[in-house]
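Each structure below appears as structure tokens.
After this come two complexes, each holding chain A, first together with chain B and then together with chain C.
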Partner chain A sequence: MRLALAVVSLLVLIGSGVVVYDQFHSRWEDDQRAYFHQALEQAKTPAERASLEGRQPKIEQTIVTAFGDARIDRCESCHIAVDDPRFASAKQPLHSHSYSTAMGDVFRNGRWERRHKFSDFGCTTCHDGQGRGLQVADAHGEDSFWPDPMPGYTIQDGWNREIASHLHGAEYMQANCAQCHSAKDFAGTPLVTRGRELFFKTGCFGCHRIEGLSAGTIGPDLTEVGKERKLDYLWGHIVNPRAYTPTSVMPQFKLSDDDKKALVIFLKSRRGATLSVSTADQFRLNASTTAPVPESVAVVAASAAPAATPAARGEQLIQGYACLSCHKLGDRDGGISPDLTNEGLLRDQPWLMDHFVNPRSRVPDSNMPAFGLPQADFEAMAAYLLTRSTPPAAATPAETFKNECARCHGEKGDGRGVNAIYLDPAPRDLTKAEFMNTKQEARFLASIQNGVPGTSMPPWGKVLNDQQIKGVFDYVWATFVREPHRQLKPRKVPEQNPVPMSADSARRGETIFLQRCTGCHGRKADGRGPNSVDISPRPRNLRNSAFIQGAPDRRLFESVMYGVEGTAMPSWMDYGLSQNDVGDIVNYIRSLNKAGK
Partner chain B sequence: MAAAPKRIEHGEPEERQIPRRHMLAWLSGVGVVGSLLTGVFSSLVFLKPRATYGQPNRFRIGRPEEFPPGARMAIDTKRVCIVREGDKVAAISTTCTHLGCIVAPSATGFQCPCHGSQFDVDGNVTGGPAPKALSWFQVTLTPSGELEVDKDNEIQTGTYLSV
Partner chain C sequence: MSKEAKSKGKILVDFPTNVVKSIFRNPLPSSDRGRAATSFTNFFLHIQPVRVSRQALRPTYTMGLGLISFFLFVILTVTGILLMFYYVPSTTQAYGRMLDLRSSVAFGVILRNMHRWSAHAMVATVFLHMCRVFFTGSYKPPREFNWNIGVALFLLTLLSSFTGYLLPWDQLAFWAITVGTSIAGYAPFIGKELKFILLGDATVGQEALLRFYVLHVVVLPLVLSLFVAVHFWRIRKDGGLAKPEEAELKPKPAATLAPAEGEPGFVVSTNITAMEVDPVRRFSIQGLVRGPFVKVGKLEEDTVFSWPNLLIAELFVLLLTIVGVLVVSWFFNAPLEQPVNVMHPPNPAKAPWYFLGLQEQVSYSAFWGGIGVPGIELLLLMLLPYFDRSKAGVGRWFARQRILANSLFLVFVIANVILIVIGTFFRGANWQFVSPF
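The block that comes next holds the complex of A and B.
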């Protein structure tokens, strides 16, 4: 018993001794002692020696109030030799900060003079990190929850391994330089300038708003994104928007690593009010009644040199700006949006103008932003696109499918072309024999000939003649459907809706719709019901007016009563809907899509 | 526990030998008292903060060239007056030794605006309620060529740094 007590009490003593040693012995003290020791060896005057001998390790801190919130930087507790040029070749943490003329340092009378003195700027103003921290991991921001790790040097715990290697490098500090040096073309921050250029060139401004720069509304506001997000998120989100946000609609742009880095640095530099603008100035700017015109309009307008004809100017605009980071035109392909090569044959002027001003007026679920350019620029771009009206050289059906159809419908015809995920409604899966074999051939030919209104399927009638269309259809059938044509059973479907359109009928239709259809088509009939995410192809958006107005009563009746084979739409006749019930539903859907709405 | 006394009866007790149980008790005592003491010590040490959020007491004020010979420049935020005479530099406190107002350099030395204390150019009291002279702080030249004032380090009046 006594032996145990003695052993335990001694263990407690040792334990508390270890804790006390751990608490009162820090790495920064060792670093400072090492510095005093080495400096003493290099000291030249007795006074210098005496002052060094008198120094004890002490927490060194700089309090910086001139740049945003007050900063307390204790970095010099470890990096105590940071301003001692004799330690230029020492190892960290006793390495002295290098001098650079690019940063404004001056060599005068045999000594370097810093432009950014540590006593004025502290360390974290440029380097980020946690100024108060006295442990390496705390100070450098390796903690996953620290919002501002030192850019370019620290790789955090939770950072995505695949992209971690891209986040190294001093260039990332340019985002911090831009906090004060916010002039547009500041020479010291070339990557911020490049990123800003890319923000316009790749069309980011169409969806995203940055105060004073752009006015997009589809994507999140990026005015303060540098404050909200860390490097890894910005990089990862540009590389693959759906990696962090599975429901993101942002396209995956084709960018080189250098361009991604420039964009990340530009975005990291967006932190709302910059340090060079006082809070009062910012308040005045926000309160001013005249909203500043987004720079995007001016940037795009200035991008094109004066051109002789509207079409020539349109070509400059389309080739030089935004459009081709998504669309395909000739050899250039953004891989996200439809091919514009033959646009002059596919669309007419009113369609193009409506679509420019508001893409969703013609394709209600389009992901193209309304870029908000001046009307004259849109007219010039439309004029140019209308000149793209040389039909492609006649080709075999297989080549035609590959050139014109495969980009959306996929090379295997399965509706998974390169840009398919960006199209809503999605391209038809041509390999689904149940669907293909229960529709009239005339309907498919008409869809190719006239396009499908309200979707990205354009009318090919001016590009392909009837014979070529038939050839492509036969090719699709032989290659993808691979079933003999089935003899369709005659179905009892009225040509015209037998129930006259009336408010009463629409109300009855709405009641049935709410009971039967909302699970997939949604309460708003926009095709986004709770089950819709699990269904492929997705349920039809019944508020797509262009599509609904283009569909005859016969087709709507057939789809509801007999279902659509190859999709999740069941045959509602089997679930007890009478022809009159279906008539009410059709009236309800038509009432949602009245012309002129 | 009954075994222990038995052993003493059978063994040959030597007078100088400390009995085993006393030794153990002594060791336990050392352990308990020692860990208590370390605990108390470490708790007491924490009462004094190792760093405060005030302006640091050791700070750089710039290069010697910024202070021309004959200059007497008061830096109110740091509460120090930099004096340069020829090639010699010193830092004199501008905190009045009376009630802590900031004294201002004047033609005759320093003058306190609160209660009229007067000091000569070296900070010695020449009038008013101030009980003692203004302190002089150590000034050193850092390796990067800047002057550094250490307010933790008071030196004798009249000690200059040659630059």
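The block that comes next holds the complex of A and C.
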């Protein structure tokens, strides 16, 4: 017992000893002693020497009150030589901060004068990091919880190595320069300027709002994204949006690494109110401009030189602006949205105008933003698209499929074309023989000929003649379905809904719908029920008015009563729904999609 | 002159001894009588019994859990007071003060670590202490009330730890308290008001920080200290730590049990003082003391003097506790996440670990999981000693006679531990079930 007691007492002593010893040994003290020592060697006057000899290490700090919240920067406790020009070639932490005319420093009377004096600006105003820290990891912001690691310099533990390798370099600090130098074309921040340009050029402004710059509503507001996100997230999210948010609809834009860097720096510079504007001024500014016209409108307007005809201006806008970062036109392909090459043959003017003003009025689940440009610009763009009306040269069915269909339906016909994940409803998987073989051939031909309303499938009737359409269909059958045509058994399905439309019927239909259908089609009938995520193809959005209005009663009845082969839709006849029940459901669905809605 | 010098010299000769004597009224004891007197006459020792049963000293019986809890409380008080010198309960300053503690305050890191880890450890040891008391049947009469004091102490410990959780004002703190106080909001009738009184606002903010601070540094420690005092006092008054009835001990030869008259060394504890006070008065004092108290003389063979046996044991536990806390605090830093960002809740936002069982229950049913079930559990815990009145199996771990009660309690403990483990490790974003492996 006594021995144990002695051992434990010893342990307490050792423990306390270690703790106490640790307090009297800090790196910043060593750094300061090294500085005093080296400065002493270089000292010229006795007075200088005497003052250095008397100095003891102490915490050096600058308290910055002029910019935003008060900052306490203790960086100079280690970087004590930061303002001592004799240490220009010394190793960190004793390296002195370089002078540069670009930063506004002036060489006067044989010595440099700083434009941004450390006593006024501190260190973290430009460099970020954690000014209070006295240990490297704390001060440089390596702690993965610290929101502002030193940009371009410090990589936090949790960052993906692959992404982090792109995040080195002093140019990332331009995001901080822009906190005060917020002028649009400030010469010191070329990458912020370039990023801003890309923000408009790649169409980011269509979905995202940045106060004063853009008014998009599809994606998150990016006004303060630089405050909320770190560099690794910004880079990673641009490279692959779905790596962070699996349900994100943001397209994976094709950008070079330099462009990504510029965009990341621009986004990092978006921190809400800038430091050079006080909170009170900012409030006054916000209060005075009730509905600021986003800069995006002016930028787009200015992007095109005056053109002779609307179509010419439309071409400038479309070729020069955001459209082709998603759409395909001729040789240029954003790989995200439908091909516009033959748009003049596929769509007409009213369709285009409706779709420009609000894409969802024609394709309810489209991911295309409403760009909010002036009506005249939309008209010009529509005029240009309508000129794209030269039919492609006649080709074999295989070539036609490859040129026109494969971009969405995939080269293997499996519905997984390059842009398939951005299309909702998804392109049909043409290899599913169960589906293909239980539908009338006439329906497929009609879908190609007239398109499928409410979806991205356009009417090909003006591009391909009947014979070509038949040719493509036969090619699809022979190449992808690879099954003999089956003789369809006649099904007992009414041509017209036998149950007359009435409020009562719709209510009965709603009751059944809520009991049977919501698991997949969702309580709102928008095709987003809890099971929908796991189902391919996704359940139909029954609020897609364009589609529902285009579907005859017969088709709705058949889908509900007999199910849809090759999809998750079961045959509800087998689950006890009578024809009248189905009639009620059809009435309910129709009541959700009344014309004019 | 010479006389004066002589007396001065005498003063000098006596100097250290007379000071020591004035403080310690007894010399280091060498006899049983001295050992008894030492315990009796020292303010800090008189809370201890003069003699203590061997059973109470056996480490495997108590595991020192109650003592560890108390020592952790002492460590928390000391480190807490030191931390108070640096802390400001203001939403604009609190986080900066944490950064200062971490970087530029002497001993700041180790103080904060010790405080944080001791607080977590105390919640655990208090709970384990409760388990020990249950599994040894020590809550049975006459200790029913002390069991209830103990339950109250457990709740106070949880509350102290919970209120302290907010003070660093980082994301972890903010959202844990947001979750924790919304659990309180599920209480029927008073829930909304309770939450409002706790927070002083609709959400966690400056008012909540101030309230939690005052609760944490003044109110709860005071109440806790008071309850600890009563808890200790009742241990003495209820006859020391619970031990098996004599009948339950293995039968011994009758000769040793029977009090032998005039046996040397038979004069113990009360008898020592009794010899120094008036016998009549002694009688009247004992008349005031209603049983049960340590049965002097009867179980002499099973008791030993507190000095030094009990004191060494206590010292050992104290040192062990300090070493444990020091080592853990040296190797593991108390977490400090990013500063509060009201717009960005972490997903999932989790309460402190000891409330994660509750949060897990809340995820099934807000009222029943957060208030109903815990309330019933608490009520049962408090009423337990009044229902379970059989005296069998007291003072032994997992006594066979108590198999039903012990099994039920074990189920209660395991269920709560499982819920906490699920809540801690198996819950991811949106409180979805995830595998930690």
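FYI, the second predicted complex is superposed on the first by the 580 of 597 C-alpha atoms of A that agree within 3 Å, B and C clash if a C-alpha of one lies under 4 Å from a C-alpha of the other, contacts with A are read in each partner's own complex, and residues count from 1 in each chain.
By definition in this document, a residue touches a chain if its C-beta (ideal position, glycine included) is under 8 Å from a C-beta of that chain, and two chains touch if they have at least 3 such contacts.
Quick caveat: nothing in here was measured; it's all calculated off a predicted structure.
> Return first, second, both or neither, reflecting whether A:23 touches chain B, chain C, both chains, or no partner chain.
both
> After the superposition on A, what does A:74 contact: first (chain B), second (chain C), both or neither?
both
> More residues of chain A are touched by which chain, chain B or chain C?
Between chain B and chain C, the winner on chain A residue contacts is B.
> Go through the superposed model and pick first if A:59 touches only chain B, second if only chain C, both, or neither.
both
> In the overlay, answer first, second, both or neither for which of chain B and chain C A:130 touches.
In the superposed model, A:130 contacts chain C only, not chain B.
> Is A:119 in contact with chain B, with chain C, with both, or with neither (first, second, both, neither)?
In the superposition, A:119 contacts chain B only.
> Is A:242 in contact with chain B, with chain C, with both, or with neither (first, second, both, neither)?
It touches nothing on chain B or chain C.
> Applying the touch criterion given at the start, work out whether A:9 contacts chain B, chain C, both or neither, answering first, second, both or neither.
It touches chain B and chain C both.
> Could you pull out which residues of chain A sit against chain B in one structure and against chain C in the other?
Overlap of chain B and chain C footprints on chain A: residues 1-2, 5, 8-9, 11-12, 15-16, 19, 23, 59, 72, 74.
> List the residues on chain C that touch chain A in their complex, please.
Residue list for chain C touching chain A: 96, 99-100, 102-104, 106-107, 110, 170-171, 312, 315-316, 319-320, 322-323, 326-327, 330, 335-339, 341, 343-344.
> Of all residues in chain A, which touch chain C in the complex?
Touch residues, chain A against chain C: 1-2, 4-5, 8-9, 11-12, 15-16, 18-19, 22-23, 59, 72, 74, 130, 132-135, 138-139, 143, 145-147, 228.
> Tell me, which parts of chain A touch chain B in their complex?
1-3, 5-6, 8-13, 15-17, 19-20, 23-24, 39, 47-48, 51, 54, 59-63, 72, 74, 83-86, 111-113, 117, 119
> Can you list the residues on chain B that touch chain A in the complex?
1, 21, 24-25, 27-32, 34-35, 38-39, 41-42, 45, 50-51, 53-56, 58-60, 63, 138, 140-146, 150, 153, 161
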